[in-house]
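You will see two complexes here that share chain A, one where it goes with chain B and one where it goes with chain C.
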Partner chain A sequence: MSPPISSRCARAAAVVGAAAALAACDGPQAALDPAGPDAEAISTIAWVMFGGAAIVFIVVLVAVAWALRARRAREGRGLIIAGGVVFPLVVLTALLVFGLTVSSRINAEPDDALTIRVTGKQWWWQVDYLDAGEPVLTTANDIVVPVGAPVRFVLTTDDVIHSFWVPSLGGKLDMIPGRINETVLQADVAGAYRGQCAEFCGDQHALMAFTVAATDDFAAWLAAQQRPAAEPVTDLEARGAALFLENGCGACHTIRGTDADGTIGPDLTHVGGRPTIAAGTLPNNQGTLAGWIADAQAIKPGARMPSFDRLAGPELRALAAYLASLE
Partner chain B sequence: MTVARRLVSTGVAASLLLAAGCDRDAAPQTRIVADGDPGHGRQLIAEVACGVCHIIPGVRGAAGTVGPSLAGFAERNLIAGVLPNTPSELARWVRDAPSLVPETAMPPMPLSEDEAVNVAAYLLTLR
Partner chain C sequence: MSDTTAPDLPNPLPRPPGELEELERVWRRPRGIRRLTEVNNSQIGLYYIGTAVMFFLFAGVLALLMRAQLALPENALVDHDLYNQLFTMHGTVMMFLFAVPAVEAMGVLLLPSMVAARDLPFPRLSAYAFWAYFIGGTIFLVSLFLDVAPRAGWFMYPPLSSAEYTPDVSSDFWLLGIGFIEISAIAGAIEIIVGVLRTRAPGMSLDKMPVFAWVMLVFAGMIVFAFPAMIAGTALLELERAFDWPFFIAERGGDPLLWQHLFWFFGHPEVYIIFLPAAGFLSMIVPTLARRPLIGYRAIVLAVIGTGFLSFGLWVHHMFTTGLPAISMSFFSAASMAVAIPSGIQIFAWIATIAAGRMQLTTPALFVLGFLFIFTIGGLSGVMVAMVPFDWQAHDTYFIVAHLHYVLIGGMVFPLFAAIYYWVPMISRRRLSERIGKVVAVLLFLGVNLAFFPMHVSGLMGMPRRVYTYPDGLGWEVTNLLSTIGAFVIAAGVALFLFDLARNLRLSTTRNAGNVWDAGTLEWLPTGTYQTRSIPIVTSRDPLWDQPNLAADVEAGRYYLPGTATGRRETIVTSSVDARPQYVLTLPGPGWTPFFSAAFTAAAFMLLTVKAVIPAILCGAIAIGGIIAWMWRADIGPRAPVDIGGGLRLPVNITGRNAHATAGTVVLILCAGTLFGCLLFAYFFLWTVNADWPPAGAGAPSPSWAAIAAVLLLAASLAWRAGRGVLTSHDQPRPRLMFRLLVLGAAAAATAAVVADGVSLWQAGLRPADSAYGAILYAITAYQAFLTGALIIMAGIVFARSLAGRIGGPWRLSFEVTALFGHYVVVQGLVALAVTRLFPGVAS
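Then we have the complex of A and B:
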């Protein structure tokens, strides 16, 4: 005999709920799957708090059940003092001391950490690698850091409040106009982690993401990124390079080594080597580059990138091929 | 015409209609049966984000309007209005469109030959 519909629905809901809950437990953007010391501390605190709350919850439920089943009223003065004053005082104090102790490990300030300034913009992230406070490399959206080393993130914004959050690496921190906030993150496992804006910042807030890739070969990456853009090799790429300037793309975008020196949009000097485009919105390939150029306003309405919808097919392909070649 | 003959002819007509319906159900007008794994193809379509430019039924977020909608693609006779819509042509097309039609806006996509077969297999399930 099949179970009644309500119980089947409940079972299905439980399965779906558990799957949804587990789905968030790992992957590139998961506070429950920490990949660095800060995220580890936050995760530990969360689990201990959860465990503590669960125990208190069970004790209270048992007390309620016992009270409901009791035959006669009891003189409960001692019980009230023990359960209502002493118990919460002891338990909450212990949890507070534990939480403060562990959280003091978060954001430990290193002396000579790599410093990266991230500036929130509607709706992307400008990324400047600093040396003695001066930028030595400007890029966008896809951040690369060394494995196992603390990195100081200097966070600010050009427009509204944004919030910088990489759940796998640590807690979130707001980017506030006119202020500079600092946080230190460390990735102990090589890999790519996803971050996203965690403070509503306008229409395309949901499409304001970024990646943090931790690599063993950071020095080589930095040196390669500091070089000017690759020269076009094929005829198609050369045509794309010319079209880039003819269509005025250089008014907003910089490609170092060319006449394009705009600063309104992301630096594209090495855009071909990034994993995503449009701030974590799309994977990066010639197809998505062409689609983004042709129809940015459909993909991310309100973004400052216009849709270049007057380009002929081969022109669009040439631009995409050129940008993809800028590794 | 007797009642019996009328009944017979009605019966014949009805069974013809039914048979016509059966026939269409049994052998739909698929011009092509693709090799490859449509499920994997659909996953690849999501990964490389074909949906930036195309509406693709069954692929979440695939709502692009730069290129044509791929709804009902299996019923379409021509790819890009130029090539016959066969599985092999389609697999070549999704991987390297400009080598087949130089005037296209569709760039080469980062798919292996096997992956392209799977992508084509998915597109040929779209009726």
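Then we have the complex of A and C:
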């Protein structure tokens, strides 16, 4: 004999719920896989709320099951006051107090912190490391921060509203024209964390990602990044460098140490050392670089980067080799 | 026999011959193409709900396309451009063309019979609202097939939706199309408010009113205060797009967040506007199925009213990630949690009712149980996102997609299905199939949980909303595939439901399946096209349970107004609190004006979208002409008192404070005032975001012009007063020249005031495109000019009626409402002058 539908449903829901709870624990972009104090605090709040919600849900289901079996129950008034007023009032007050206590740990304002200005653009991120408000390094999409230190992110936009979000480190904050928003994030564990634009921003909102890498050796990284671009070494790289300028790439992109000084697209001075290209859309290697240059509009239609499909295979290989060498 | 059990009924038997035939004659429904002329709410309600279900199916298909695309990572079934149109249209159509119209439709369909009115007081307004919605909504859908559908999200945030980033007409389609459909929702709300308050059966005092009538009253009230914010927002954004008035452009003093405040001030109450009527369905269905009167009637009514108020204090919880001050976020967080309490009261009241009786597990009951399961989960995740730090993670992710579908499907779609299965016997010769219905309920329940529960996980795993694709390897594959499978299970359930409708729904007013549930409320009385044969006296909340002979006596014509007293369509107007009969209101019969006015209004808006200005103006003029023709015949004047039975003689078509049109005008003024309030909010909001107000270099309008405008406005008010004096102090049927001059003078003074105001802005060198300051000043003046334009038309009608001898003595309702509106225009003009001219000076 098969069990009644309601109990089968309950069992299925329990299985899905348990599987979900386990699965949600990890992932490169998972909110419940915290790597910093903010995400940690929020994760704690989340688990407490999940537990509380499960209890409340069971109470409601038990009440419904009891009501279906009960005959001429006279508990009406008491049930409404107990279940509809007292119970939620107690639970919600406790939750609010708990939440406010834990929240006070979030977004603590440090006295002195590395400041990074991130500017949202359709559909990539310009990243400026600031010192006393002035940029000392401009890069794009792949952010590097020191491990275990608070970092102040100054968030603005050049066009529409975007939202800056690294789930493993903390909550999101919008980038709004005419406003400057600030948030403080900290990575306690070395590693790479994926972030993504969370406010719908047009055609390629889906492909506007980035990474935050927390490193123990931040000072060395910063010093290396501040140096101008590496000179081409091989003939192929030299040919790529020449092609870069001949094809007008410098109108949009900057490569410090060369004539390329455009500011419309990402700064490519050290593009070879970044883990991704096209704002987290592709892994960074010579193959993807060549493919992106040749056919950006197929990979990310509507992006400002044109498809250089007039370039022949060898030219693309040279350009890709040059860019990959810019570590 | 009923003669012996209730000897004191108002009308004796037998009824005179020909009485019923006469009643049938005046309420006869038009046939063939003339069905378009129908203005009866019960009939319009059917068209209305049918159209809403059609839009539901359409938006559902869009959802299936999206789920098919997201079934696999990096899928190429749908490209980004189509996907962005799909999710924009899915949200927009579900919210604006399905959810709100569907519950409004259930209101106009059920309320007349539930309160035992022959009809609600403004049948032509309902017809106009329906046709505007039907035609406007259909054109809006077509945009998707022409690849010009909106694609900036159902929330249309600028600057993405503004001229710079969406230069094509797609955003205009949204702004004009949806703004227009909101107007039709407001028209329906006016009908519902006045209908619930003034056309209830004698004796149905507020505390005996069915809960559904209560929720529809609160629903309509919320529309009156929420939708104007949306209309204000869409008007400002369209002005920015069309004429470059920079309300939302940061470089010129605007602020994109102004849109978000206006949008969510509408958008959050919207959720409860959808949920409360659905909760009202449950408060009707649960007691019937449990065979016990509703437990906690007062608690539920208070909870509904409380939800209505609280819902206006929650809008900022959609903006927790915009970087607002922490203190305001804590306030809105607590308020958002508090709204769980009234919902909890309702849920436990239904549980208590089920426990007090014995609920049969019929199809509606299964949908009620599904509602309890799904909506509770949605409510719990709602409490989670009310917690600000958690929302910083969950906001704009699939967790929210899961939450809102649990709330809206649980809170609205399941109750609507329950309602359809429950009330179809009232409108159809056959009830729907219990066997098929149960399968539908199970499929929908499984499908909804399978589609949306995994979305919580997708969101916590970092998946944002509104993405047309996602990469492999982030752990989102399994949950997305489950969601897609669930979506198709829902589709199977809906398809089976359509099959059931096709097989069993056979519409009929006169030979319906009847009271198959043995319910206790008045909509289950035997009905004809005229609703009930006679209008009952109500003595309790469940009259059919408490007055065993009620149905037979009503049908025999033993209660009030068993025929037609005036030879026209008519209904009894009762006092709003204790439902004492006050007068008999004659109602209009079928006519072409509502249909044509609506069609040409829709055409005007849609032509504006594609910048066909001249044809749009022509269509607008035709629409206004239609409305004028309609107004011309609206006020037929008082008639000799009539006997409705039991020795009760009632006046016919009164004027003054108690008249239905006065009540309707008051509600309209509340709408107009809310819209004006939204413009003032925009003014002060822009002031706070600009360090200099007025901005440096902006000209200062001369105070003398403002003083002239103020004096003109006061003169207009005095003229309205004097006009009323002339009209009432002389008893002759035709008022004199003096009255006509006063009416024209009042309209002219109001016009001159707004012209003086506009001229003063222009003379000071202010231009609307220069800065947000100039833009908002001109917008406030433009709104004043718009209302003044409406006033001119109304005054013109009064003037013409006076010439035609259709006004005078007690026949003056059209003048009374015009004067009332005229006074409002004066008050608004004075407040606008004070705020924009006096305030900045005083503040600095």
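The rule we apply is simple: the second predicted complex is superposed on the first by the 294 of 327 C-alpha atoms of A that agree within 3 Å, B and C clash if a C-alpha of one lies under 4 Å from a C-alpha of the other, contacts with A are read in each partner's own complex, and residues count from 1 in each chain.
FYI, a contact is a pair of C-beta atoms (placed from the backbone, for glycine too) under 8 Å apart; a residue touches a chain by one contact, two chains touch by 3 or more.
Because the structure is predicted, anything quoted here is derived from the model rather than measured.
By the document's definition of touching, neither partner reaches A:A108: not chain B, not chain C. By the touch criterion defined above, A:G313 lies against chain B but remains apart from chain C after alignment on the C-alpha atoms of chain A. When both complexes are overlaid on chain A, the residue A:V97 reaches neither chain B nor chain C. When the two complexes are overlaid on their common chain A, residue A:A290 makes contact with chain B while staying clear of chain C. Looking at the shared chain after the overlay, A:A206 reaches chain C, while chain B stays out of its contact range. In the superposed model, A:I264 lies in contact with neither chain B nor chain C.
Once the two structures are overlaid, the count of chain A residues touched is higher for C than for its counterpart among chain B and chain C. Common to the chain B and chain C contact sets on chain A is no residue at all.
Per the touch definition, chain B reaches chain A in the complex via residues 47-50, 52-53, 64-66, 98, 102-110. Contact residues on chain C toward chain A in their complex (touch as defined above): 79-81, 84, 152-153, 157, 159-160, 165, 249-251, 254-257, 295-296, 299, 303, 321-323, 330, 333-334, 337-338, 340-341, 344-349, 351-359, 369, 372-373, 376-377, 380-381, 383-384, 387-397, 442, 445-446, 449-450, 453-454, 456-457, 460-470, 473-475, 478-479, 482, 689.
Taken together, the chain A residues at the contact with chain B in this complex read 282-283, 285-292, 294-295, 298-299, 311-314, 316-317, 320-321. Against chain C, the residues of chain A that register as touching in their complex are 5, 9, 13, 16-17, 20, 23-24, 26-32, 38-39, 41-42, 45-46, 49, 53, 56-57, 60-61, 63-64, 66-68, 70-77, 79-80, 82-85, 87-89, 92, 95-96, 99-100, 102-103, 106, 122, 159-161, 163, 165, 167, 170-174, 176-179, 181-182, 194, 196-207, 301-302.
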